[in-house]
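Shared between the two complexes below is subunit A, which has subunit B as its partner in the first and subunit C in the second.
The block that comes next holds the complex of A and B.
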């Protein structure tokens, strides 16, 4: 099975760090990125978060850039469009196509850079969280938010069985493809439908089986939710504060400034 | 002491299919019990009835001599003491981490938090999974998952642990680990019940065996009594364990002590009779250290006479003129294997060879040789596992012929030579119709 984000998170060295610290770092980064008018702040956030993900969380660099490539390709397309079609006033440069003048104005370019920076900053924040904090850890955070217990329990079981059914689905898909179930569009469509039906029935049966097996262990509506005490280390706190201060200072000094 | 008993237990599913038919069993404390039956014989349903999941249509279940009640408080008590490990670990392990799954049972029993924690940590250490406690279950191997499932049950400290097909889908090493764990649990006083259709496992492991077929218990008893009874096994659509199969086969050759019931390979080896030593009736003047000449009934070297003379050394003289004597030679000799290459086949030649070499056992290897034999009505004694069978037969003194062709001639030759090297027993083996001087004339026949 291909590695998914959660697998990296489970094995990450930052997994056992305080969840609240990680969440506040990420929230801070997102807020700073969104509220800044200068692309410098989100760029700084992106660089810091990427560095933390690659250096502290030891995520393979090629995998990380592959992850970033997906949103980045979207962003680059939109940035080009924004640069050309936004903003009035003097063009920095322009050219004619079929009698229509296309050009990039100063405001448009600024806007494009800001969008690019914000997206990269936001994505790197979220990747940092999802590559260092597996779902398992987030359950205890969710618990602290006073969500109803039954909601959480269902979420926990869903999390567990996503992987079971992912395995089943891959098995079925493989079994179908070795018997040419995906040879053309029509058959692929049919096969997909069968796969879906099969999975639905299986999950129904699985539900009944879990019910029996939970009852056999005296289920009475209580699941343990981990809430390990993980004190924030002094060094971690200092590092976080330095990062916060750096971002705030940049924010302050680039208030009115624009890049170009 | 009897923990669990069923009386006239019958159960049918809501759609009317009968699942259990008049089951009367009693489970003794501290035993290792195996329910053996083919798929669909009702083992799993019986287990789910034992912990109160299925409510019997007729009859009752006695737990510690008291009839099982189905109110939630009594069920809780029963389920605390009768734990079930399901066949598919994924049905049972539903929590996102190993720790949480093992903690599930103790939490439900209402233990305080620190007690749950110490129970879980101890149990995980006991099954050797402490290092994985924060892992999600999908990062584990099949054997590890099975051990987590067992840990989840053991954490509730039940008296009786029921495992449905505990070794299904496990590799040999994983299976060994699980069985070791079960033996250890049993050693510390837990009663263990497993269901299986693996006769070798049940025969080697269990103290007591229930044989199930068609929703009934058709017989019960010690593994020896159950698995020696060929008829019983046939009705249950099962076969004899391999150890017993081997034992019977070598018993027929007079190589083992009779009335043994080897449960495993060391047992089997132990049951082998020493070939060199035997009891003999001797004249009264014979002293220890003398050589005597014994007549051996149906010996190896004089096939035409009933008796054969063999020199024996007297090791010990017993009272009543009985003595222990040692035969001076190996008591059996290898037979003979001939390989007939059917790419140079002619019916007359083959029949001549069979007559000339007094062949007792003919086997055919490969489709082509089988078709030839069928066409010319040559009786084949063996058609499957021909080389192995021929080795075994020739060891028992038979003269065997293997019909085969092409590359398989070499293969058979190599296989037999390999056996000879390993065992140190020499079996004369030749190609009985070696290639002629004029192969080009022969090859036109092919």
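The block that comes next holds the complex of A and C.
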């Protein structure tokens, strides 16, 4: 099981900051990263957001880097493909393999660097949000949107049941592994099947039970949650505006620039 | 096959949202209709969504030692149909992006298109067609799940290829490059997941077959036949 980032978010010192402020910071970072044509902007976003996550939200550095390494395999493979296939013009270097000439052009390398920087920037924005804001806080934001109630209901209940089932799944897995259920490929496959089946049947029964129990407590298809007022502090506002200004200025000055 | 945050450049991530949003809205409309007719489905669907999430976060035992996760979408498509799977899939993808840092927000449109919409829809169509043709139920589940995975991965390769066409040979050349390299992990993974899902279904038929009848996955006579074959 991968780390559930929500664990950190619940204990985060930034948890009780204004949700809309956090969301606008993250959305701004994501959009700036995606629409920029120079790798510098997403790179700057990555540095600022990582700093905020490590310094303000007090996330352990080693854990944070482990998280950033998670998408690495997908991103590195894709970036290498882009570097080799994208872009025309003179090759910076090339070699022959099985009769084909593979080479990296200037445009290809620039594109690959840009994509790498964008992914880094985007991931650090996302991590900032997920490490400081538990899903519970985001539900009140989702309530303010015009999404249908049934959709939100399902999302909220799903959130709760993810934890219930993770608990069940981890318990079963633990019990299986102390009985050598994962000693080799064949047994682990068999154990995995049993775990999946049990989870399915258990979740089904749980679903029926929860409906009965909620109905007997006058459930009418709407869960209401309390939305606290959390004013934005002046210092937070200034810091955010400085960050926005910095990113916009970098965006403006690096419009046509390329690294290589 | 999640495309990570920031990976798709500007016109493409918006275009995939344009593709996904109407389908998801349609799914929500269907869902709303279902919910107003039968209110008890809300908790059941929520629990089903949580099941997909937990299933997709378990590590599959893998021969090469690399970690790989089942997607669970093929199974959901067989059980709940493509419309509801699309809605549940979007919520799962959103949670995966926020809890596990798999996928992202700007790429949510593209990921929904491949994992929550096109893959499950093709799997569902295959499942229905094959069960009409009278193919063995477990083989059918195995194939439908594997196909859901493969279609997902082909669509992801197409998404990457149209966003980053090769200089020589254009979209087709870069599609081939992405598809061949990802095939190394995705082809065995899909087979594993297919086998896993088929075996899970076997146990479900054995222990709690009434669920499958309730969901309209199998008819009463088909279940009786499968149970007979087991004894």
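We adopt the following convention: the second predicted complex is superposed on the first by the 220 of 260 C-alpha atoms of A that agree within 3 Å, B and C clash if a C-alpha of one lies under 4 Å from a C-alpha of the other, contacts with A are read in each partner's own complex, and residues count from 1 in each chain.
Definition applied: a residue touches a chain if its C-beta (ideal position, glycine included) is under 8 Å from a C-beta of that chain, and two chains touch if they have at least 3 such contacts.
Model, not experiment: these values are computed from the prediction.
**Q** After the subunit A overlay, clash or fit between subunit B and subunit C?
**A** On the shared subunit A, the partners fit.
**Q** Touching A:105, do we find subunit B (first), subunit C (second), both, or neither?
**A** In the superposition, A:105 touches subunit C alone.
**Q** Just checking: does A:224 make contact with subunit B only, subunit C only, both, or neither of them? Give me first, second, both or neither.
**A** first
**Q** Scan A:118 for contacts with subunit B and subunit C and give back first, second, both or neither.
**A** second
**Q** Counting residues of subunit A touched by each partner, does subunit B or subunit C come out ahead?
**A** The partner that reaches more residues of subunit A in the superposed model: C.
**Q** So in the superposed three-chain picture, is A:254 touching just subunit B, just subunit C, both, or none of them (first/second/both/neither)?
**A** The answer is neither, since A:254 touches no partner chain.
**Q** Return first, second, both or neither, reflecting whether A:189 touches subunit B, subunit C, both chains, or no partner chain.
**A** The answer is second: A:189 touches subunit C but not subunit B.
**Q** Please work out whether A:157 is in contact with subunit B alone, subunit C alone, both, or neither, and reply first, second, both or neither.
**A** Both: A:157 reaches subunit B and subunit C.
**Q** Looking at the overlay, does A:216 come into contact with subunit B only (first), subunit C only (second), both, or neither?
**A** After superposition on chain A, A:216 lies in contact with subunit B alone.
**Q** Which of the two partners, first being subunit B and second being subunit C, lies in contact with A:140: first, second, both, or neither?
**A** After superposition on chain A, A:140 lies in contact with neither partner.
**Q** For A:10, using the defined touch cut-off, is the partner it touches subunit B, subunit C, both, or neither? Pick first, second, both or neither.
**A** Only subunit B; A:10 stays clear of subunit C.
**Q** In whole Å, how close do subunit B and subunit C get at the C-alpha level once superposed?
**A** 10
**Q** Give me the intersection of subunit A's contacts with subunit B and its contacts with subunit C, in residue numbers.
**A** Overlap of subunit B and subunit C footprints on subunit A: residues 6, 135, 156-157, 159-161, 164, 206, 210, 214.
**Q** Which of the residues in subunit B come into contact with subunit A in the complex?
**A** 48, 51, 53, 76, 79-80, 83-84, 86, 88, 90-97, 99-100, 103-105, 107-109, 116, 134-139, 152-153, 156
**Q** So in the complex, the part of subunit A that touches subunit B is made up of which residues?
**A** 6-7, 10, 15, 134-136, 139, 156-157, 159-161, 163-164, 167, 206, 209-210, 212-220, 222-226
**Q** Which subunit A residues qualify as touching subunit C in the complex?
**A** 1-6, 30-31, 33-35, 42, 67, 70-71, 74-75, 77-78, 81-82, 84-88, 105, 107-108, 111, 115, 118-123, 125-127, 129-130, 135, 138, 147-148, 150-151, 153-162, 164-166, 169, 173, 182, 185, 188-189, 192-197, 199-201, 203-204, 206-208, 210-211, 214, 221
**Q** Note which residues of subunit C are touching subunit A in the complex, please.
**A** Subunit C reaches subunit A through residues 2-10, 13, 28, 31-32, 35, 39-40, 42-51, 53-55, 57-61, 63, 87-88, 91, 94-95, 97-102, 104-106, 160, 164-168, 173-174, 177-178, 181-182, 192, 195-197, 199-200, 203-204, 207-208, 211.
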